[in-house]
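Both of the next two complexes hold chain A, though its partner changes from chain B to chain C.
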Partner chain A sequence: MVLDLDACIESLFQRQLLAESVIKEICEKTKELLMSESNVVHIKAPVTVVGDIHGQFYDLLEIFKIGGYCPDTNYLFLGDYVDRGLYSVETISILTCLKLRYPDRVQLVRGNHESRAVTSTYGFYTECMKKYGTSDVWHYFTDLFDYLTLSVVIDNMIFCVHGGLSPSIHTIDQIKVIDRFKEIPHEGPMADLVWSDPDPGREEFAVSPRGAGYTFGSMVVEKFLHENRMDHILRAHQLCMEGFQVLFDDQLSTVWSAPNYCYRCGNLASILEIGVEGERHFNVFEAAPENERPTPAEAQRTLFSNGVPMGLFNNGGASNGAGVGGGSGPNGAMTFAGGASGSNGGIDPAQDTIHYFL
Partner chain B sequence: MSTSDRVLQNNHLRHREGLTTVSHDWTMVKAGSLVEKQTLVTIDADATVEDACEVLLKNGITSAPVYDSVKNMFVGMFDYGDLMTYLLLLLKKMDVPLEDQTMEMRDLIQRTSRSQNVPVKLASDLSGKDPFCTVLEETRLGSVVHDFGTGIHRVAVMDTKGNMKGILSQSSTLDYLMRHLSEYPQLQPVMQKSLQQCGLSNGRVLSVNGDEKVLDALISMSTNSVSSLAVLDEQGVLLGNISMTDIKHIMKNLRTSWLWITCFQLVCKIRLSQGVESGEDQYPVLDVNAKSTFGYTLSKLQATKAHRMWVVNDSGCAVGVVSLTDVFRVLSRLIDNDD
Partner chain C sequence: MHDEPQVARDDVIKGTDDDAIISKLSAVNLGYLDDPFVKHFVKRPSRRPPLINRGSYLRTRSLDTFTEQFIKTSVITQSASTHSPTTTATTTTPAAVAGIKKQIVSLGCGSDTRYFKFKANGLSVHKYFEIDFPESTAKKAAVIKKNKAFTDIIGDPDLKLGLGGTEIYSKDYCLLSGDLREFTESIVPKLKAQGFDTSLPTLFLSECVLIYIQPGDSDAIVNWVGTNMDASLFVVYEQINPADAFGAMMLRNLRARQIELPGIHAYPSLKSQEERFTSRGWQAAQAVNMNRLHESLSEQEMKRISSLEIFDEVEEWQLLADHYCVAWAYQAKPQQSEPHRAQLIHLLANAVTL
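Moving on, here comes the complex of A and B:
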């Protein structure tokens, strides 16, 4: 198959799904690319760092509007591309295409949601089943997730990871020897890097209330930065009402990029712009304007009544109806991304989402 | 020593520095001291079951003592287990027609309790699992731990005049012990033991398939007299957990329709809403393995506020469970061995 990445990207910007066979091809090619990446990828500023997106596709478009489009802007994404939001498939599809198209301008780090166990519970699996009728696309992407790098270092000064630090890891070299090409384990250094959280009230490590990873305190942060001769830790993983949070005397920042999380939290989001001299600026933004985003009910109509456009995407198109296809993964799983009723400009995502996923 | 044990030990050493090392015997701590600053929430014995639920929900608690103002005494405890048993009894008696399956839970209770006229004093302790147990302020922790090890989830702490000072639960006792671990060196040896060595690494796992209905799971829990079930897929891989306290989520949403969704769907819904409320998603399953230490298991129970950890093997299949009752059984064995 000859892949026209630019056409794929263009269609995805219009929120049109790619055909299953196209996704398979893109995932295969991206895995080849990622295979040669180290567990610690070194890059140089300037770069714009993005935190959790969680399938909020319209807010990703907002990020490109604010931060600039690829390849004009270098991007570092810190994980959690899928689950919870209504457009996880579109989000991960476009990011994968951008990585394949501009491999040196786009870095994708693995988050705790880039995992089979988590995506089975938090929405991505269900969304794949609904939009494609079988679990194949979920398999392609979750296999791809096994290849995503675990961390990035900017200018040898800023350590970037999705979650946080691990009691088993004191140096960058220790991260490099991890075998990352597998499902995220329940415990151990790889799990810790994607699940841990800072705790400003502590100095050391403690077992995390999340049930995986640890919480870590000021002394742990100082020691890690000193040992590895760096001056900042940059991570995502935790909701920030202001869009970002700076801790430990500016030694650690959290960047969160999903505004009005789950369409009900009312939080701000941000992207972190790192300039050539290493200067850091949090660019804060709100949720994309309502009138540019279809309601979940409209979204469903667009996908299933029009079907998938002809031409590039006519092989292996989406099947309609409530197909509970074969393949492994939980059967009949249903997720309610909206939760309790919200009050955002008349949209009640909870109610609509229930019907959307039925 | 594993990484997690080093983490535990570092925390204890940190607490120790600067303190005068007076060795306390943890079994001698008085029950009263653990409930000193508690605000007591009680339910009136003549309140309706519906109102009793409201009290639990509003205060974010799973149980409350029931006070009879005529008899001038406490007559029992009301918890979600009792509520569930009550509802199941009614649902079994009634043939709930399809349209009623979507009505508000409150209405269901209202309808049935009005027609049945059941005040909460009759509904309390219905499940039979958690009889109302009292201890005195002076009662030593060693004896309370014995009770906890037999399956009693909480005790009411009374003063000599018969006034209730507070409720001491398995969870709050565990929390206390973990916070003060450095003061009780006698507990160190058992903390280092693996679950296998403690005899906790395998056992009967009561489970439900992810496709089964929530109502059936609740009936199964009631019949088997347990407060939770492992939710498994066809291969026996652990997907999550369903417990009596999950009924609070059903109550919060006030939809009886949630009784008729599958267990896996309920697990997903609960995880999704918890993650948004706290801004942090939890790991889908709360588990440990046979090689995990007793101390690490306790830390995880304390940190996640769970009432049990499932023990899984390398394939992720549930092979055992460590409940708070199991924890206290191990601790009370320690006391017996010392005597």
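Moving on, here comes the complex of A and C:
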């Protein structure tokens, strides 16, 4: 089959899912492309930097509306494409296609959610099962995640990473020698880069409340920038009510691109537009108006690009019976009931209802 | 026609119990909570996201802690003691306690399993009353009657069902049906008919209940308790902070499910939750949000729950936890003899130490 990427991208903009076989091929090809990328990719401005998206497909469309479409705008995405939102599959599918189609115009950095362990808990696995009936698509994408780069440097001045800094990493060269082609470890430099958070109340490293990575303070930031002759750290990973946050005397920024995160937080989002001279502008936006997106219930109905409606795989009750039993489950420790009630029953999609304590 | 929206709303209020019990079971199944009774109330289990599991755990644990402390704290009256006439407020086991009889009233109990869980662990009070709408109590009574696990705990061969299967009467446990909006007129008489004694120190629990009724009706309950009970402790768990971005979104999202929170605008803050009681003559009141309760977990306990699941929602958790509080208040009537009153106040105050 000849892969028509433009057609794929067009379908995805209509929120039509690609066939499983197409996803497989796109992931294979993108892995080949990413394989040759360093753990530190160097790019030049102008570029628009995007923070966490978390499956909020309609907000990604909003980002393209305000930031410009590929390839007219160069984009750097800082990870966390999947989990929590209703359309992780569509989101990662379109970003993968755009990367494959415009490899020099789109950079994809790995976030802590680009991981088998995390996507098993936070929704992407469940969404793949619901939309495709088997875990194959989840496998294709999580295998692809192993190839995503860990960091990007813009104009040799701005260090971009999903989470933050590591006590094991003082120089850019140390990042380059990491073997990144694997599942994110529980600890070590690779884990730190995707899990760490800045702490403006501190100077050094400290234990992180997330249970992975560290928090790092002002002295750490200054030292890193000085040592590597750069002037700014740009990262995502942390929810910002105003869409962005600037810390440490403008030495570090957080960009957050999922407005009304989880349809619950009521926050703003932003994208960071970096101009040719390196000037930085946070373009703040709200969630796309509600009348321009389907309700969570409507989102259950998803179309394939051949127009055949889906929505048949609710709670794993797939009709094709291929591998739904959980044998190809992420870590073998979970059972997917497919309608039967195991000790934990079916996995709650975690996205259908916006949960509170009632 | 005027009744229709109210009936529909009542169905929605009853439905919140379904949501809560599924969340509780999710937390139980993952190891956050230990409760073999919850599963009997859930037909289709569902796994909740980690931050919901953590919140369900925290809410149950916090109210359990207060209830346990209320049960365990002993009061030795002057007449009963020959050695030391002063109050002993210790956490001795019930068997060793030569103290005063106590009661617990669970308002809007839904499928709550606290009575069973506690009694299975040797913790019980003189009388435990549960109250909810007849449709809810009927379902609960059916589950209880059908399962030996429950009737064994009640352990009363004279256990009776009543009112068309919507009520249960037994020695130390009563399940009563009624509408909390008619507390004084219809629920109080039922309580008294089942041996409810206004002279005994009583814990009143409202776990996400009063928020769903008009403030006038919840005030009526607080007023009645404050006026008629000799010594009582009122513990409320519910939503607060409707006005910030998260709170406004919460009300919107709940409204989309036809869930309204009429109480939230009357008591929207920790301070107003305290004043809810102190303005009505209660001795003392305190309200804390769920973040505070989260922080008061021991290091060991924090480590334990952190090991159960990946938890990558710190900021969102803090936002959510800011919008829930536990508020408590106690009072003991001045008409009693002074050492006795002081002992009662000591008992009540000790129940709510964090």
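Descriptive notes on the structure:
The criterion applied here is as follows: the second predicted complex is superposed on the first by the 303 of 358 C-alpha atoms of A that agree within 3 Å, B and C clash if a C-alpha of one lies under 4 Å from a C-alpha of the other, contacts with A are read in each partner's own complex, and residues count from 1 in each chain.
Definition applied: a residue touches a chain if its C-beta (ideal position, glycine included) is under 8 Å from a C-beta of that chain, and two chains touch if they have at least 3 such contacts.
Here the structure is a predicted model, which is why all the values come from computation and not from measurement.
Of the two partner chains, chain C is the only one touched by A:Gly266; chain B is not. Of the two partners chain B and chain C, it is B that touches the larger number of chain A residues. Using the contact criterion defined above for the overlaid structures, shared-chain residue A:Ser168 touches chain B, although it does not reach chain C. In the superposed model, A:Gly211 lies in contact with both chain B and chain C.
Once the two complexes are overlaid on the shared chain, A:Leu239 sits against chain B and chain C alike. Judged by the touch definition given at the top, the superposed model places A:Glu203 against chain B, while chain C stays out of reach.
Of the two partner chains placed by superposition, chain B and chain C are both touched by A:Ala117. Shared contact residues of chain A with chain B and chain C: 112-113, 117-118, 121-123, 209-211, 238-239, 261-262, 264-265. Chain C meets chain A in the complex at residues 16-17, 19-20, 23, 26, 29-30, 44-50, 52, 55-56, 59, 208, 239, 244-250, 253-254, 257, 259, 306, 309-312, 314-316, 319-320, 324. In the complex of the two chains, the chain A residues touching chain B come out as 84, 112-113, 117-118, 120-123, 167-168, 186-187, 195, 197, 203-212, 214, 237-240, 261-262, 264-265, 330-337, 339-340.
Within the complex, the chain A residues that touch chain C are 112-113, 117-118, 121-123, 209-211, 238-239, 241, 260-267, 341, 343-348, 350, 353-358.
Against chain A, the residues of chain B that register as touching in their complex are 3-4, 6-7, 10-11, 14, 210-211, 233, 239-240, 253, 261-262, 264-265, 267-269, 271-273, 275-276, 279-287, 296, 299-300, 302-306, 312.
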